[in-house]
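What follows is a set of notes on a single structure, which appears directly below.
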Amino acid sequence: MSLSSLHYFILSAILFTIGGIGVLVRRNVFVIFMCVEMMLNAVNLSLIAFARYLNKADGQLLVLFVMAIAAAEVVVGLAILVALHRKRPTTDADEMNVLRG
Amino acid sequence: MLEIILFACFALAAIAGAIWVILGKNATWSALGLLINFCSLGALYIMLNAPFVALIQFIVYAGAIVVMFLFVIMLLMVARGEGQDKKPVQRYAGIALAVLLTAGLVYVAVGATMPHGALPATPQDNVRILGLALFSEYLLPLWMAGVLFLIGMIAVVMLAKRKREA
Amino acid sequence: MAIDLQVLAPEAIILAFVLITLFIYALGSKRSTTLMGWLALAGVVLAGAASLYYWGDTAPTFQGMVAADGYGLFANLVFLLAAGLAILMGLEAVRRFDLPAEVFVLVLIATLGMMLLGSAVNLVAVFLALEILSIALYVLTASERDEWRSLEAGMKYFILGGFASAFLLFGIAMIYGATGTFSLAEIGAKGGSLWALRDAPLLAAGLVFLLIGFAFKVALVPFQMWTPDVYEGAPSLVTAFMSAGAKAAGFVALIRILETAFPYWRAEWGWVLAVIAVLTMSWGNMAALGQRSVKRMLAYSSIAHAGYIVIGLAVAARTGYASVLFYLICYTLMNVGAFAVVMAMGRKGEPNEDLDDYTGLIRRKPGLALAMALFMLALAGIPLTAGFLAKLYVFSAAVVEGYAWLAAVAIVNAVISAYYYLRVAARMFFGEARAEAAPVHVSAPLGFVVALTSLATVFLGVYPAPLLEFIQAAIRPLVGF
Amino acid sequence: MLNYAWLVLIFPLVGVIINTFFGRYLGKRGAGILASAMVGLSFVGAVWMFAELLGLEDRVVTRPLFDWISVGDFNVQVKLLIDPLSSVMAVVVSGVSFLIHIYSIGYMAHDERFVRFFAYLNLFVFAMLTLVLAENLLVTYVGWEGVGLCSYLLIGFWFERKAAADAGKKAFLVNRVGDVGFALGLMMLFVTFGTLSMSQVLEQAMVVRLMPGVATAIALLLFVGAVGKSAQIPLYVWLPDAMEGPTPVSALIHAATMVTAGVYMVARTHMLFALSPTALTWVAAIGGLTAFFAATIALTQHDLKRVLAYSTISQLGYMFLGVGVGAYAAGIFHLTTHAFFKALLFLGAGSVMHALAGELDIRKMGGLRNKIPVTFWTFLFAALAIAGFPGLAGFFSKDEILWQTFANGKTLLWALALLTAGLTAFYIFRLVFTVFYGESRVDKKVAAHIHESPKVMTAPMAILAFFSVIGGYIGVPKILGGSNWIEHYLDGSLGWHAPEAAIAETAHASAGTEWALLILSVIVALAGIGLAYVFYVRRTDLPTRVAKSLGGLYTLVYNKYKVDELYMAVIVKPLRAVGKFFAESVDGPVVDGIAEGIAALVALIGRGLQALQTGLARNYALGILVGAVLLLAYALVR
Amino acid sequence: MNQMGFPLLTLVVWLPLLGAILVYAFRREQVKAVKVVALAFTALTFVGTLLLWAFFRSGEAGYQFVDRAAWIPQFGVEYALGVDGISLFLVILAALLFVVAVLTSWRLLPAEGMRGYFALLLFMETGVLGVFTALDLVLFYVFWEVMLVPAFFLIGRWGGAKRVRAATKFFIYTMAGSALMLVAILALGYVAYSATGAWTFNVANLAGVRIPWYTQLALFGAFALAFAVKAPVVPFHTWLPDAYVEAPTPVTILLAGILGKMGVYGFIRFAIPLFRDAAVYFGPTIQILAVIGVLYGSLIALVQTDLKRLVAYSSLAHVSLIVLGLFAVNAQSMSGAVFQSVSHGIYIAALFALLGALEARKGTRDIAAFGGVWKAAPVMGFFLLIAVLASVGLPGLNAFAGEFVLLLGVFKAQKALAVLGALGMIFGAWYMLTLFQRVMQGAAKPEALADLTGLEKVTVAPLLLLALVFGVQPNLLYSIIVPAVEAVVKAVAAR
């Protein structure tokens, strides 16, 4: 059976889910960041795969823009994290539950 | 045939990297796992006839983003592991649901007619196509990406800056 | 392919003013903050004028990415209204809560994101606009940097926002996989031939993931858990802007996507949206019952109102969408007004959001108390206020399309909501003011916001005809009749 | 005068208005005289009308006044109906009232709310005359409740005393029970005949074929009203308590006028009763039974006014017996004569009280014969009249009823009535002998200044005594050579007989039996008087020995058969208990509970939702994932 | 436009709102001026309503003084006001009771905050008048809900001890009850739209619309629920005792006298004529509830120890009797019901005014604290006597003329119910006379009570006089009520 976008799509779904589990399970904020990035990357993979098998360039373009977004997001995320750290030296997401109820 | 083998190994590498990220005992280990994941994806991109994107992947993702993560982790010295999870039940529920989601997606993918066109005979100049499209049809998204970077800059300046002593 | 900027005139103006204000900020002189505020306001007003100027029946698109049709331009007016009010509140907030001057710039950028989201007809533009809006809001939420609450809210919003936008992107990818294009019109054409969801599983899954992304943005159950914490943590100015503008943008975009890209599946999705509407209304209202903090109560109430708006969406058809637009405008007025009052009550480091802080407000600050009472009654849907007519319009749309049961559930929810809105009004009018309660100070711009919103709420409640006419015209390009 | 008939009504009303608003300026004398004058004028008017009516051939005259209620086909017009029946009643009512007004001037002389008393009395006369002269039954009802109100006000006149206030309230409530029956009767009447005006009902009664039960139902419901107002079993309990009011009130309202309204109403609607024989037998039975029952209680009472109250109930029983057997004229005749001598008895009692500074217990009286001679003689004449002493008023009217009962074949009721006549004679003369004969049991301080009542009180008593004596001669039966004028006169309005059930008046009983009955009743009366003489003058120890020998029966009768306690236990207490049960355990907990329960449930769910809001970002992410899975599942399953 | 040539009705309805704004323009301490202006405006409105009566063409069944204007054409909602035989006297009664309310609050309340108090009172008057005159269902709903807001603040701000709870309960009960009515109104509009092609909520054109059976049941249910809570009818009455007891006396007068009548008016104006089949179908059930209400209310009133609570439950019994009459659907019972609504308004206002005076003098509402007041305050005793007798339904006073005709009508339709209803007359007498006896009669308490002041006399005397006048001459009202009611009865009969 020849390689087709199905296999790439399944791979990207798996990676997407692992990223999702990472966000749910881990309590270190950095790891959660990384997992979110991983989810985005998983989607990039399927986009590229569709672009290749549809023989269209749009997918790749969107991936480019997604990378731009991811970059901006990481910058903002880390900025907030640094500001948070300055307040209280923790990176444990569970300590951020002042707002609840 | 070679293609399948290459795909298999890079796929496994990517999955291993991903699992490494979520199982890493501290942030730095996770960062390394992330690096592996990104690089294997980059390789896959090359196989998928998207050399330019692969290049960007290596530079932006594997390079800038992972480096920045490591930089901030080191800066804040938060490389220690996590304590015991108080509410384990949610952890397992989460995993179960995630697996369920994947199963659903796979079921969808298998059922649907996924795109499977062959590569065009004449090799295209990938970069030229992208460049042309970028500055004709996708001009507006380009500007938007620009605005995004602007937000990033403003955010950093605003949040990380110490209160002005003035 | 000539690039005609005329299509993007309003957005261009906003971008220009973003850069101008940034430049002023860069000069770094002491009183530059108020100047930046007024400049931002000027930008908003000019963009509004541009939107009105170009308003017409034509629907030029910019390289198939963005369409400046009546619907999009009308949506701009809603966003600009929210932005203008937020900036006015910002002028006060910057001084009172010592917010960084960049707030104005970020509000403008967020408005830019909303306007693009409102007019985007291509999924790439939709995703990018959504991200501009979201990231700007993450930063805005965390803008009160020496307040832990604000930073925590920002962090939470960032993580969950990222998580949800990953879903959205995956949805777009699947739709791309199924139809091979990002343009909504083409998706609509391609999808037309498929009848039931089962024939196009990938497209269907794509729509599901798309819905998840937007449901998060607009805070529908079960994706709304972030809203109470983020709305309470963020500075009131940002909460007001978010609850009005971002929610409106989400709905406007969702309507455009469902109407142009997935018109054929309306029947199947109508029922699901109805269920989501009931869940959202009930969750928002019932959770708000036990709230001690007024701000957090308003957060839950905004979830409930999202539930009411989704009725218009579930019902679809011309009246449904028109009722959504009308509801969004009325909701913006009421909600921004209410948050303005909440802000006026607080001081640096002392938010005064608890119900007890409002005791006997009528004696301390009669004007503010009367305005707040009016907003509470409007949010509860008491007649002679915009809230009532908004609900009336949505319910009549529901009844016309055979969803009378949904209207009944909604009206029962309105009664539950009346209880906690009334409790605030009762506390303000009947309690005895505590001696040591902090003196409430309302500056000019904040006073103007409260006055404008309360007058508009009453005016729309009494004489809504012209606005309704305008909305029904705005809907035409989208629905086609 | 007939076409100014409304004047008869207006005079007392004018009296009320002047006394209430300008009473203060008139002072006691002025107010008393004005009130009495007003009633006097209406009495003159009544007599004038009576005379004019005598002259007319067709004696039924109606004078329309104004339209009261007109709603769809229900039209009520206020009209005055002057016919033999109402003219007689008008004369009796206004006459007796006039005398009692004069008597009250003396009796109430030192009461500080003198003016208000006379205002109430005038209002009573106005209401009674409205009742009597009304052509439309609804206007009769207005008068009916009007007199009920006045009796409430007058019984509870000295409202400082709790007993008086309670008695007033009890009177009004028991009357109201009867009135509701009356109202329901009126409604049934309207539903059947489509009108409440007497003349139209009279015409339709002859022609309309009624379903069997309807006539009985209407008649019985109207009779419930009569029972309530005229204190028959079971609604008599309020009359004895009504004695708490001033004595003139007892004399006027609870002897002569108001209590007879029931009899008048039954007579006025006789054509309805005639249409249903069962209703008539009920009336007769209740009448006879009440007569006997009340008479037994009267035997044992020690309070002077209570005895007279039970005597009134008993005499009213007689009237209902008369009307019940179809002898409406006899009933009204007895009503007239009773009005005179019962009013006199009460005034006499009032005068005795006046003399003994308010003492009412006959065991603390005695030997007043020569201390208050005028009162004694007038009281004696009244006693003879009520006992049925031959020649006096009571004898003729009571005997007529006895005769009619027997003639109509109701022998059992006749026997009971005869026995009651004996009892009546006995208890009335028990009063006479204990109060006026024997040695004086009056205690020292009071005995010192026993004095005869002033002229203003004794004059009306004398006039009433005169009427008690000669009153009977308007109805001397044929066998005694009389023309029985009253019966022929009243036939003008009571002559109507049901087409088929023509009760043969006196056909089958021969003159002989009538004589025999006459003598028999005289013997019974004299026996009663003699027995009383023996008991209370000769052998004063006998009453106590007889009482002991009867033992339980005596105490039972003395305690008025414990009927009041029975009502309290069976009706009043349970209703209050139900009320308390509703108020405490139904209204609050149950009805409110449901609403509070729903509210609490909603609040509970709310708190549950709040608990879900843990503040942890990953829980929220879990929420999103749950949503995603659900939506995806829906998309796949659909 | 209408027989007056100028919009008299709109003037009458919106005049109080103008007054409210003017009153609020004064400064906080000008209490005297505020009171005078409030009295002036309520009196002026009352005169306006009398003008309505004067120019009213009696004997006609249709709506008069109709003012129409487009309001929200997109929804098919129009601003339409009109008066007919049924609503004319309720409007006059409302205006009268507001004058009485202003007079009773002259000295009764603390000086502080009067500006707000009178502004809210006048605002409420516009709401109430609007409810009785609105011909467009949505406009009716707007007035119906808007009127709740001032009532809530009046009870909550100037009420008794547990006022906030009572005010909230009152507001939520009524709003919950009438919530479904809004959906029903919209559905009705839609039915009219699908039948005639145009959205309309005007009650005149809606009457002609054929409504399918099941929809009619549902819509009637929604309307009936709203009006049953407002009237109130038994299971939905629990807000009544708390609201009447905790509200300040003037507001209680309005609550008992006129707000309850809005429920009754709703039944006879909207619920019965618009959903004729459903009205006949549900008729018996509602009548049974009403009869239960009469007996239930009376029995509870019997055992009350709080003055106002006793009269509140009596008011529940009397209104239940009115509802009983309404659903017998014949000329007598309905005319009696409308007449009784007006007369109940009159004597309940007098009763609460007097009880308010008593409470003001003694500072407590507990009946045990009173006794022998008649000796010290003869005029108050006399007035209370007349008011009690009116409420008991003594012939010659207005309640009898209404109650008898009502029971007669019910008797024509359903004999058993009429008998049970008549029982109410007995209980009515019982608890009312018990109240009168405990307060006025019996041994006088040591500290004498001051008699009625001049102002109190001026407030209560006209009411009692009206009770007498309408008792002696009920045709003054019936001549106008009966034609309108007969039109409704004919419509229901011809369904």
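A few remarks follow.
Residue numbering begins at 1 within each chain, and the chains themselves are lettered A, B, C, D and E in the order written.
Here is the rule we use: a contact is a pair of C-beta atoms (placed from the backbone, for glycine too) under 8 Å apart; a residue touches a chain by one contact, two chains touch by 3 or more.
Just so we're clear, the structure is a prediction, and the values are computed from it rather than from any experiment.
Distance from per-chain Cα centroids to the pooled protein Cα centroid is smallest for E.
Among the chain pairings, A-B comes first (most C-beta pairs in contact). Chain E has its Cα centroid 71 Å from the Cα centroid of chain B. Chain centres here are Cα means. That of chain C falls 43 Å from that of chain E. Distance between chain centres (mean CA atoms), chain B to chain D: 104 Å.
Chain geometry summary: the mean Cα position of chain C and that of chain D are 80 Å apart. For chain B, the set of residues touching two or more other chains reads 90, 94, 98, 101, 104-105, 107-109, 114-115, 138, 141, 144-145, 148, 151-152, 155, 158-159. Of all residues in chain C, those touching 2 or more other chains are 124, 128, 131, 135, 138-139, 142, 145-146, 155-156, 159, 163, 174, 177, 180, 201, 204-205, 228-229, 291, 419, listed in ascending order. In chain A, the residues touching two or more other chains are 5, 9, 16, 19-20, 23-25, 27, 32-33, 50, 54, 58, 61, 65, 69, 72, 76, 79-81, 83, 93-94, 96, 98-101.
Chains that are in contact with each other form these pairs: A-B, A-C, A-D, B-C, B-D, C-D, C-E, D-E.
Listed in rising order, the residues of chain C touching chain D in the complex are 155-156, 159-160, 163-164, 167, 196-198, 201, 204-205, 207-209, 211-212, 215-216, 221-223, 225-226, 228-229, 268, 272, 283, 286-291, 416, 419. Those residues of chain C whose C-beta lies close enough to touch chain A in the complex are 124, 127-128, 131, 135, 138-139, 142, 145-146, 148-149, 151-156, 158-159, 162-163, 166, 169-170, 172-174, 176-177, 180-182, 228-230, 232-233, 291, 296.
On chain C, the positions that touch chain E within their shared complex are 362, 377, 382-384, 388-389, 392-393, 395-396, 399-400, 404, 407-408, 411-412, 414-415, 418-419, 422-423, 425-426, 429-430, 463-465, 468-469, 472.
Residue ranges on chain A touching chain D, taken from their complex, read 20, 23-25, 27, 32, 93-94, 96-101. Considering their complex, residues 90, 93-94, 97-98, 100-101, 104-105, 107-108 of chain B touch chain D.
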